[in-house]
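Input: structures, listed below.
You will see chain A twice below: alongside chain B first, and alongside chain C after that.
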Partner chain A sequence: MNVLECKNLVKVYGKVVAVKNVSLGIGRGETKVIFGPSGSGKSTLLRCLGLLEKPTSGNIYFNNVDVYATKQDLNKLRAKIGFVFQEPSLFRHLTALRNVMLGLKHVLGYSEEESRSKAMEALRLVKMEDWANYYPAQLSGGQQQRVGIARAIAMDPEIILFDEPTAALDVELKWEVISVMKDLADRGITMLIATHELRFAKEVADEMIFMDQGEIIEIGDAEQFFTSPTTERARRFMAKLLG
Partner chain B sequence: MLFLLDFSDFLLNGFLTTLQVTLVGVGLGIILGILAALGDIYGGKIVKIIVNVYVEFFRGSPLIAQLFLIYFTLPVLTGLKLDVITVGYLTLALNSGAYQKGYLKGAMEAVFKDQFLAALSLGLPLRKILMYVVVPQSLRIVIPAWSNELASMAKSTTALIVIGVREFLNTGVSITAQTFKPLETYLFITIVYFIWIYSMLKILDIIYNRVKIPGLEPVI
Partner chain C sequence: MEFSRSISLKRLTMTPIEQLTFLLRAVPITLSISLLSFLLGLTLGIIFSFIRIYGIAPLRYIADGYEKVFRSVPVLSIMFLLYFGLGGYIPIFKDSYLTSVIALGLVSGANQSQIFRSSIGSIGRSQMLAATSLGLSSFKALRHVILPQALFLAVPGLGSEIALLIKDSSYSFIIGVLELMKHTDILRAATRSLVFPYIASALIYVALTFPLATYLDKWGSKKKRELGL
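So, the complex of A and B:
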């Protein structure tokens, strides 16, 4: 069964068609990777799947229920879909711990103590427990991103969407975020990751999805993309990325 | 200047009126400013138009004209009999709110687009996003701008003299009329204004440094 799925999803901004007719599903426990040139619609697709933007047309299913057709409470569903952004979007007036606690306390309704212990558990998972009382501005980009992952994990979501979580980081900070994501994949957490880190993708992806100009061009396993992509566009893009 | 001691109660009352009008004006102005800023950012088209007409009107016309306008027209329009001090509160609040909306909107917009989305993704409803994410940060960021607003409002209260509010400057006018000693009287009054405003700014400075959070520097 798919946790999250979209059918014929289209998103148009003004005259720009950002996502063209995309259908895609992520099953429980799966890790799928989306990649493709910037501007290929990955972010928009993820935001639609995360219910942060309403698609222009098409359907989104959460646990096989059509979200918009059956007028689901979006906030309830958003709490079950974790989202990690490209920019570490931490709340700047709150410590790392408080960032993670906010949703636990004010969305899921846990008490102060319960929220605190659950948040600490999530911070331990991303190895940030020693930084719990630091403010975002006192942390490096990689550390902020790990807190962002902890904030998503703590909500115990059914799936986590990652929108190029390492794209804004220096090379030496990327590995710490990647290793956290690998860890999550090993734990069987359902994930959809947009990334350009192909070596990482090869290790974790059950399936890789190549997007260009708002469309899915090719779907396959990592092996296929690394050795013999079937489409010309994927072949060219792989060549560019792998140098 | 010792003759002023004979008027100490009178002066004190005038000063307290000025203090009260300033704080109420800025205080109500904060609330109006927050509402107007939120309305302008998150409201629909009609709300945005109302907010902008309000803001432009109060920023683009003289305070004394606004005082007269409200003093003479509001009782006619509403049938309520307003005393001068209420007119003072109301006008200063509307005036201050129009300026504060600008500071607050800048603070809210500049930093919060990505955080807004992050809060949304956690499943927080709009009301809670504003309460726990947007407003606490904007209030901190806007404190230095408030210093200016408070100083400017403290000085603007002297305009209330035109509708006959017995504020601090007005007490000076009365004393001068009785004693014919304008030099000492106005010197005293001006110095008191200065000391008061200066210490208010210092206090706000201390508050700002207390609630300051690393990485949340003012944007204005």
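So, the complex of A and C:
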């Protein structure tokens, strides 16, 4: 059964068609990777799946329930879909711990103490427990992303969407974030990850999805993309990425 | 008033300390008018700025209109309109103290709305998006994520606004509130001195406004730097 799925999803901004007719499903426990050139619609697709943008047309299903057709409470569903952003998105006026506690307390309704202990647990998972009382501005980009992941994971979501979580980081900081994501994949957490880190993708992806100009061009396993992509566009992109 | 009736008869001689003490007795009134109108302005400013940015169309136009009108009309016009115009119909405007607080608060609300709008404008959009992704309702996102950051960012501007209110509270002397300016005027009439009372009260105004505004400006800039806002 798919946790999250979209059918014929289209998202148009003004005259620009950002996502064209995309259908995609992520089953429980699966890790899928989306990659493709910048501007290929990955971010928009993820935001639509994260219920942060309303698609222009098409359907989104959460646990097989059509989200928009059945007028679901979006905030309730958003709490079950974790989202990790590319740009730094920690709440800047709150410590790492308070960032992770916010949703637990004000969305899921846990008490102060419960929120605190669950938040600490999540911070331990991303190895940031020693930094609990630091403000985002005092943390490196990689540490901030790890707290961002803790903030998503603490909500105990059914799936986590990652929108190029390492793209804004220096090379040496990327790996600490990637190792956290690997760890989550090993724990069987359902994930859809937009990333250009192909070595990482190869290790974790059950399926890789190549997008270009708002469309899914090719779907396959990592092996296939590394050795013999079937489409010309994927072949050219892989050649560029692998240098 | 006993004191002011006697002054028309003969010139009073007072030592500078006595004069200063007389002026300082008005400081609590000046400060309480300023503080209360600031709090009223803060409430209005927060509400109207959030409506202007996040509100639905008809409410947004009302907030926009409020801001435009009260930023363009002199405080004194509003004070007179409320006190002389509406005072005959609405009991609260018969009271010169409350009228002053309300007039100053309404004007300050328009200023503070603009201060908050620019503060909210400099909070990245990703903050709201991140709050939404956790499942926070718009109201909770504004309450827990946007408002606290907007407050930090607004502190220097709010410091100047308090200073402005302390100065503008002097208008209320015209409708008869016994604040610092009124005491200055009484002292001028009583001592027939045209210099000392004005210089002394000017220095008191400086002492009330300058350190506070400077401190808030520094504190706000430091917080902004520390939090990377």
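Keep in mind that, in the parts below, the second predicted complex is superposed on the first by the 243 of 243 C-alpha atoms of A that agree within 3 Å, B and C clash if a C-alpha of one lies under 4 Å from a C-alpha of the other, contacts with A are read in each partner's own complex, and residues count from 1 in each chain.
What we mean here is this: contacts are C-beta pairs under 8 Å (C-beta built on N, C-alpha and C of every residue); 3 or more make two chains touch, one makes a residue touch a chain.
Please read these numbers as outputs of a predicted model, since none were measured by experiment.
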{"item": "Fit or clash - chain C, chain B, common chain A", "value": "clash"}
{"item": "First (chain B), second (chain C), both or neither touched by A:Arg151", "value": "both"}
{"item": "First (chain B), second (chain C), both or neither touched by A:Arg92", "value": "both"}
{"item": "Partner chain in contact with A:Ile219 - chain B first, chain C second, else both or neither", "value": "neither"}
{"item": "Contacts of A:Arg78 with chain B and chain C, given as first, second, both or neither", "value": "both"}
{"item": "Touching both chain B and chain C, residues of chain A", "value": "50, 52, 75-83, 85, 87, 89-93, 102-103, 106-107, 135-137, 151-152, 155"}
{"item": "For the chain C and chain A complex, residues of the former touching the latter", "value": "124, 126-127, 129-137, 140, 144-145, 148-149, 152, 226-229"}
{"item": "Residue ranges of chain A in contact with chain C within the complex", "value": "50, 52, 75-83, 85, 87-93, 102-103, 106-107, 135-137, 151-152, 155"}
{"item": "Interface residues, chain A side, partner chain B - complex", "value": "50, 52, 75-83, 85, 87, 89-93, 102-103, 106-107, 135-138, 148, 151-152, 155"}
{"item": "Touch list for chain B against partner chain A, complex", "value": "111, 114-115, 117-125, 128, 132-133, 136-137, 140, 213-216"}
